[in-house]
């Protein structure tokens, strides 16, 4: 059955691991433009929300969720099970070292980089010079670092940068109070 | 082929008609959750960007683009042709009067209401008490009017409200200047 | 000594009462344009941050802090003491009933209205048809209600509406993570 | 007469030179915390809106408006005249070269840096190790560059970073449409 599959934040098993919120996640996946033939790296997979939501939209793609934190790995496993997806493969370890032995990616989502963003982008482009990368930046430093990558790779001429700020209504008595969520830079690096 | 289809703003034929921007459009379509069995009303269709982008994701759904402005109708036709979609039907006239004779909707996107939001929502719920509506508000008055609808229909208990503010990088010399776009309220009215 | 006096949020005694944040407060006071001859109502004074910060900028103005919550009254007293201001007078009770016996205002800041916004604005204009009001809206309903006031009083032709979204850097390890605060509508109602 | 003086954007002579908008300007001046004893550098003064608005609040301070663009210099002169301020001195040339011969600053506002931000900050701290700097960043690159300065000068331990996004109502028929303005980073560098 066709149609965009969107998972509500509250449907995921979460724990204390930070999660890419629904609107940020859906805009990021929309920009990633993966399909059933894609091999997708989800780097810094956290709760696995990006991997699992991508899997629902592309059940035949190969999705690799890279994560170095044990608690997060547990959550990814639980979310894979909860949504019954069959095509998300967890890879434990530090990216980009953990890329070894994994098939060459066509697409990569970078939600976390453990301070090694330059190496990760370098290795992704090394593996596939035509890769399509979507990056989420929540710190000024990482966003600036990704901007450096855009500048160093002018051949990725289709790249774009947006910042998304979402505020969400919370009911307080009968009133709707808008609550600000953290703004996120979404950087789309493509040829 | 599965996968989320996302059209870049620059790919549409646009003219002077205001257009729902990519990020707002994709979050709205994600919340709409239509599939190939859906009958979708796009009310105040403008350039047709929402209808056409939905059509790419659900090529077997029936999509009705309601629009009262002649210039906009032209653009919808051009965008239908440009993207080769077969399942968008243009309905000329003022909503909700123009709903007559059209199949009962399962989903509705409201991008414009011509000052008749209450009548439109009333008629949509009248046609299908289980309808799923996604509304885009760019004026304070229309957003407040949709809030009244949410309040008057507590049976739509899955409803939610977010405001999305997007800023987009524009290159000025070698620098990236962030430019603010208009904030949009996305109201999701569902049971 | 001249110069804009701006108090940091962390300098106030706070407790659990919501506080108008520094940037929202300074923009609101800037729009209020009170001076040493002004009689200023601070309605829904909360922690007293607006009253006290105004008092530092206009030490000879008469400032009346209206508040109905006992815990908040305590905080206002503590903040008056902490900053040594002499011209903030606390008025306990429900606005606008509590306006009785207080001098006629030239300016009013509305930070909270206890669901009685229409009566409050009506009474302020009744007391002084040339009053200058600055309103802070954090719920959609109250913002819509203030919009109704603007519409019903077209003689206040200098009125304006802005929404301010502030995000603030928090240090996480050596990185600066931007954290979204709640967006606030600032409505300036003046002739 | 005491009280915060705030100039509306529409009151300035503007031309084609970009101008710091009212809310950004007032938050920046609030954070600058200059008084009548201050010597204030306004670097990249543009239309002079920051200098002139500061001058109204601190009529005895010495304010130096540094600007390298001839068209902008004209505007600063016109705005000085329009608001009748006596304490804004225009310095033509490229900062920081143009700092020579000017009194040592106590405060600096950086609205533009002509690609020489590091030299400007270095020279400001060289002139006065206790200087208080407020920076406005509208490009990602300049904001990242100022972040580097914060990092290199940990002795400025009172520093803070906020991003302000303002949207402003524009009347379209009888409706208020919110229009996004460009988000600005305000970085406050102080000890």
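Think of it as A, B, C and D in the order they're written, each chain with its own count starting at 1.
Quick note on the criterion: a residue touches a chain if its C-beta (ideal position, glycine included) is under 8 Å from a C-beta of that chain, and two chains touch if they have at least 3 such contacts.
From a predicted model like this one, the values you see are computed outputs, not experimental measurements.
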{"item": "Identity of the chain that, by mean CA position, is farthest from subunit C", "value": "A"}
{"item": "Numbering shared by both copies at the subunit D-subunit A contact, with half separating same from different", "value": "same"}
{"item": "Cα-centroid distance, subunit A relative to subunit D, in whole angstrom", "value": "38"}
{"item": "Between subunit C and subunit D, centroid-to-centroid distance (C-alpha), Å", "value": "26"}
{"item": "Contacts with 2+ other chains: residues of subunit A", "value": "140-141, 147, 161, 163, 165-167, 169, 174, 176, 178, 183"}
{"item": "Complex contacts: residues of subunit C adjacent to subunit A", "value": "138-142, 165-167, 169, 172, 174-183"}
{"item": "Subunit A residues within the subunit D interface of the complex", "value": "140-141, 143-144, 147, 161, 163, 165, 183"}
{"item": "Touch list for subunit D against partner subunit C, complex", "value": "1-6, 22-23, 26-27, 29-31, 33-38, 57-61, 147, 151, 160-169, 174, 176, 178"}
